[in-house]
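Some structures to go through are shown next.
Below, chain A partners chain B and then partners chain C, in two separate complexes.
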Partner chain A sequence: MSGEVLLRVEDLRVYFYTYAGVVKAVDGIDLEVYRGESFALVGETGCGKSTVARAVLRLIPPPGRIVSGRVFFEGRDLLSLPEKELRAIRGADIAYICQDPSSALDPLYTCGYQISETIVSHQGVVKWRDAWMYALKLLKQVAIPEAEKRIKNYPHELSGGMKQRVVISMSIANRPKLLIADEPTTALDVTIQAQIMDLIMELKKLYNTTLLLITHNLGLVAEYCDRVAVMYLGKIVEVADVYTLFEKPLHPYTQGLLKAIPNPLKRVERLYSIPGMIPSPVNLPPGCRFRPRCQFAKDICAREEPPMIEVEPNHYVACWMYAKR
Partner chain B sequence: MRLLHILHNWRKRNRARLREYKLMFTALTRSPTAIAGLVLSMSFIILGIVGPYIAPYNPIEIDFEKMHELRLQPPSWEHPFGTDEFGRDLFSRVLCGARISLMVAIVVLSIAIPLGIVLGLIAGYFGGVVDEVIMRVTDVFLSFPGLILAIAFSAAFGASIWSAMAAIALVWWPPYVRVVRGQVLQIKESLFVEAAKALGLNPLKIMFRHILPNALTPVIVLATLDFGSVILVAAALSFIGLGAQPPTPEWGRLVADGRAYFPEKWWYVFFPGLAIFLTALGWNLLGDALRDVLDPRYRRRLEFKERRGR
Partner chain C sequence: MDPIVVVDNLRKWFPIKKLFFTKGWVRAVDGVSFIIREGETFGLVGESGCGKSTLGRLIVRLLEPTSGTVYFEGKDVFRLRGRELKEFRRKVQIVFQDPYSSLNPRMMVFDIVAEAIKATQQEIPEDMEDYVASILEKVGLSREHLYRYPHEFSGGQRQRIAIARVLAVRPKFIVLDEPTSSLDVSVQAQILNMLKDLQKEHNFTYLFISHDLAVVKYMSHRIAVMYLGKIVEIAPSDEIFEAPLHPYTQVLLSSIPIPDPKIARSRMKLRPKGEPPSPINPPPGCRFHPRCPQACSLCAREEPPLIEIERDHYVACWLYARK
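Right, the complex of A and B next:
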C-alpha cells in the first residue's frame, strides 16, 4: 500500500522523569500514516500508545518530555512549530477524541456551547449564531436524537454514548485531516461500541479524513482498519496491513496477542496468555524488550536490540528471528 | 398570552437549571442556622444601604445647646440605644455604621478576591518557576498573622478608614491564591482541559472559561465567610485607633470610644458590639450554609430524599 504520507513520526522518544526514575514511555518509534487510510496503533495498557497520540499534538504533561524525534504533518514538523501555529492545527487539522467522554466535556457548559466554541476559536469570523446552527447540524450528523433539545443540555444530562457522540461532533467540527481516536470506545458498552465506531468510519468517509485509531481491542482493528502497528513497551515491534498481520503475524508478541483472543467457536480449558510480566519501564532489559517473555529468545536477543526490517513488502518486524545476522 | 407562551418555553428550555436552583433554595432553607445567617446578612446589607436615610437623628452633628442634658442617656423610647458623650443618638450612629462596614467589606473583597484569583490561576496553570515565585511571596504574607500585618500597613499609611481598607486588602488575598491554585491544579488534570487544549483553544480561554468557573465554588464560600471577618478586622483596626477617625460612626470606633464609660454606661459599648457580633455571625452562618448549597452531591442527596418522601 502506498500513497501520500500525511503523518510521519521519526525516532520519537518521550520520557517521564519521575521520582522512581526515568520512564521511557515511548522510546524511539517511527510511523507513517498515509492520507485517507485507517491506521491502528495496538498494544497493551501502558505500552505508550496514548503517549504517542499526545506527543503528536505536543500535549505531554510534565514530568513527561519529548526527548527527541520529529513529527511531520503535511511536511511541517509539529514538534518545532511555535505554540501559536500549533494551536491553529490542534482541533482544526488534527482532532483528538479521548477515551472517557464523561470527563472530556466541561460540566458547566451546554453541549452546543462547547461545540460552537471550537468552531469560533478556529474560524474567528464565524458568528456565534452561525456556529450554533452548525453545531446543531453536527449533532444531527452524529445521530443524536432530538438534537434541538440536546444541544441545550449539559453533559450530566446525557448518557455515555451520547457524550461520546458530542465529543466526536466537536472533533469533526473543523473538518480535520487527521482524526486521532484514543480508545474511543473503551468507556462504553459493547453495544454502543459498534455504533460509535460505525459513526467514526462514516464521518471519516464523509469528510475524507485519515484515522489514527489507538486501541487494545484487536477486534476493532480487524473490523475497521487498513494497517496496524503493534507496540510493546514504547517500541513498535511490527507493522503490517491488517490481513497480513492477522494471517501471518511474525513477531512472537503479535503471535501471543492473537492467540490470547478468545475464539467463541473453540472450547478451550484455559485461555492463552503471554507468559511473564511486562518489565518495569524504568529498568528496561538490555537487548530486545520482549526477550524475557519470548519463547524463541536467542543469545543475541539479550545483547542487542533488533532492528526494524522489511520482511516482505510493507511488512515490518523488529525481531532477531527475521534479521540476517 | 404571547408573553406567557415565551415564559413557558423559557421554563421548558431551562428545566435542568431551574431544578438545580430550586434544590439550592431547598438546601438553603432547610436548616435553621442557614436561615438565620441569611436573615442576618441580608438585613445587614439592607441597613447598610438605607441606614443613613432611616436614621432618626443626625449621626455626626452635635447639638451643642442640648448636649449636656442629652449626654450619655440610657436607652429609652426616644433613643433606643442610648446616647453618647456628645448627646448624639447611638441608634442613628450604629445604623450609619452599617454602611461604613458594608463599604469596607465590599472594597476589600473586591480588591483581594480578583487579585487572589488571578495569581492563583496563573500559579496553578503555568506551574514551574511562576508557581514557585507566586506561592513563596504568598507564603511570606501568610507567615504573618493577618491582623498584625494589617496594623503595620495601616500605621504606615496613616490612620484613616481608606488606609485601613488598603491595609486589609493587602493582607487579604493570600488565602484566595492558595484556594484557587489548589483547585486549578486539580481541574488542570481533568480530561476536559486536555480536550480543550487538543481542540486548540488558547490558554487564556482555557483558564478563564473552563478552569476558573469550575474552581469558583470554594471561593464563593470563602468570600462569604470573609465578609464577616473583614468587618471584624476593620472594627479591630478602628478600635485601636488606626481605622476610622472621629466623628465617623464606625462600629469599632464606637466601641473604642465607649470603653471609657464602661461599665456604668454599658449601652455605649454594648450596641455597637452587638452589631459587630451579629454581622460577623450572620456571614459565618451563611458561608457554612453555602458550602452545602453549592455542593452538587448534597443537592443530589436532597433530591433523593425528596423523591422518597413523595
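Right, the complex of A and C next:
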C-alpha cells in the first residue's frame, strides 16, 4: 500500500427532512481511503453506510441534504464542484455498483447499448462502433458466456448474477480509480456471490483500482478487505485493519456484532445477542448512541459523545472506555 | 429417537400454462425422501429456487404433492380428513420468512394470536387476555403490546409475534422457513437463541429451512443439502462441515464467507462452474454434473441414488456409489 490518500471524507453530515422529523442518517463522519486498498464500510440496516456512498457522489435525493462536510477525491472537493465537472468524474474516475442490478440497468435498452453509452459519454471522441466492440471485450472479461449473444440481450433476459456482471463491466469501462460497491452481492446466492466477489477482486488488481465495499456481511469483509470502518447509527465507531478488527475488536458494538454472527467452522452453543434494538434515527439517544445497549456504559456515556481515539497506531475507536480522562 | 415425520419419494411439479395447454413443468421437488426424528432440528439448505420452501409447504400440507407422500406420527398427511386433519393443523405449524406479509395488518396482536387458538378448537382459556399476554412474554414481548397493530413493530418483533401465534396452539412440529433472513445480525441472534430455548422447554421438533449455512449449522442436529429439487447429502451437522462428501456441498461450503480473516484467506477455494440451470429442464443424470468439477460420463447419463455411506451420512453421488 502506498499510503497515499485517494478519498478523504471530513465531517460529513447528511440529514433527511421527513414529516416524522429530521433523520440524521450520517452525522459527522471522517474517513480516509488509501490508493490501491480495499476498504470496507460495515454496519446494520439503517446505519447510514449507503448514504455515505451516495453522498460521496452527491447522489442524495430530496428530502435528503448534505448538511456539511467535505469529500476530497485526489485533492478536489467533490461537494463544491460544479455539476458539470462532477458528471465527468461519476462513472469515469469513480464508479458505483449498487445492490440491485435490475434497477441499475434500463429495461428499454440492450446491455451492449448501455455499456457503450458509458464509454461514449466519457470518452467523447470514441465512435459507437468502437465502443460496441470494446463493450464486447468487457463482457468477455467479466466471464459472461456467449458474450456475442448476450450483448444484444435486454436486462430482463438475464439472471441476477449475469446482470450484476453487466453492471460490473459497465463500471470498469472507463478504468475508474475508485470503485464503490454498495452491497454488490446481497441479492445473489452464495455460490454466485463468491464468483462475483472473485471477479471484482480480480478486476481491481488488473486495473489497480481502489475498492470501497459497503456491506453488512462481516464474512465478506474478512474474506476480501484490507481495512474496515464499523458504522452504528450514522457514526463511525471503529476503524482498523481487518486482522486487528477481527482479533481484537475494541468497541462494545463491534465486539457484540462479531460474537453475534455464527461461524460455520466453529461449534458455538449459544450466540451472543446484543440486547435491545437499534433506536429510531429520529430520536437519537444523547451522548454515545450505543449506550442504551452497551453493557459497559458509564455516566459520561449518557452525557457526552465519545471522540475518535487512536488507541494503537491506525486503530481508531470512539468509546469512553479508551479515552484517558 | 422415533421419526415424527417421514417424507417418502415426494414430488411437486408445477405446470407452466399457456392458455389451456400445459407447456411444461417446473420440477420444484423431484423425488425426495428423509425422516425427521422427534425433538431434533433438521436443517434444510439450498440456494434460491432449489425447492426448499416448496418442500416445507408440502410437509405442512399447504400444497398437495404430484406424487409421493408425507407421514406425520405414522399417518399419511394427505389422506387426513375432518377431525384428524384439524388435529394435524394444530400440531404442525409454520413460521414464514417475511413477517411483513405473514401478519394481517388490520388485526391487533391480541386478535392475531387469539384467532389461532380459536381456530384450532382447543379448550378456550377462560381469560384469553391473560393467556395471550403470557405467550407474548415467552417470546420477549409484553402485555402492553397486546392491542397494537403489526405496523408498529420492527421486523424482529414481528417475527416474535409470528412465533407467539405458533406457540399459542401448542404444536409438536414447526417448520421454520427462513425465519431470520430478513433480519439484521444482532436481531437474528436474539431470535435464533429464543427458538433454541423454546425447543428445550417444549421439546419441539423443527424443520429449519435456510440458505445461510452458518445459521443452519448453529441451529441443526442434522442437515440436508438440496440442489434443483433433489437432496444431494444428509449428515449430522458437524460431519457435513468437517467432511462434506458431495461436490456441491464442498463447493457451497467453500463459497460461504468466513468471518475470520486468517482462516478465510488460507483455505482452499472451490467455485462451481456457471450458474444453476433452470428446474424446468433439469439436466439428465446427476443435476449437478454440468457444474461439477469431478463429473464423469456416468454422471451425465444416470441419476445417482441417495445411499448411506456411513451411519447417518447419506450422499447422492457416483463418486461414492460402487457400480
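Worth pointing out:
Note that the second predicted complex is superposed on the first by the 317 of 325 C-alpha atoms of A that agree within 3 Å, B and C clash if a C-alpha of one lies under 4 Å from a C-alpha of the other, contacts with A are read in each partner's own complex, and residues count from 1 in each chain.
Just so it is clear, a residue touches a chain if its C-beta (ideal position, glycine included) is under 8 Å from a C-beta of that chain, and two chains touch if they have at least 3 such contacts.
Bear in mind the structure is a predicted one, so any value in this text is a computation, not a measurement.
Of the two partner chains, chain B is the only one that A:Leu105 touches; chain C does not reach it. Of the two partner chains placed by the overlay, neither chain B nor chain C lies in contact with A:Gln123. More residues of chain A are in touch with C than with the other of chain B and chain C. In the superposed model, A:Gln255 lies in contact with neither chain B nor chain C. Once the two complexes are overlaid on the shared chain, A:Arg267 sits against chain C while remaining clear of chain B.
Touching chain A in their complex are the following residues of chain C: 47-48, 154, 156-157, 184-190, 192-193, 196, 211, 213-215, 217-218, 238, 241, 251-265, 269, 271-272, 274-276. Listed in rising order, the residues of chain A touching chain C in the complex are 44-45, 145, 159, 161-162, 189-195, 198, 216-223, 242-243, 246, 256-258, 260-265, 267-268, 270-274, 277-278. Contacts from chain B toward chain A in the complex involve residues 13, 16, 127-128, 189-192, 194-202, 205, 209-210, 213-214.
Remark: chain A residues 57, 59, 61-62, 87-92, 95-96, 98-100, 103-108, 117-118, 121-122, 152-154, 157, 167, 170-171 touch chain B in the complex.
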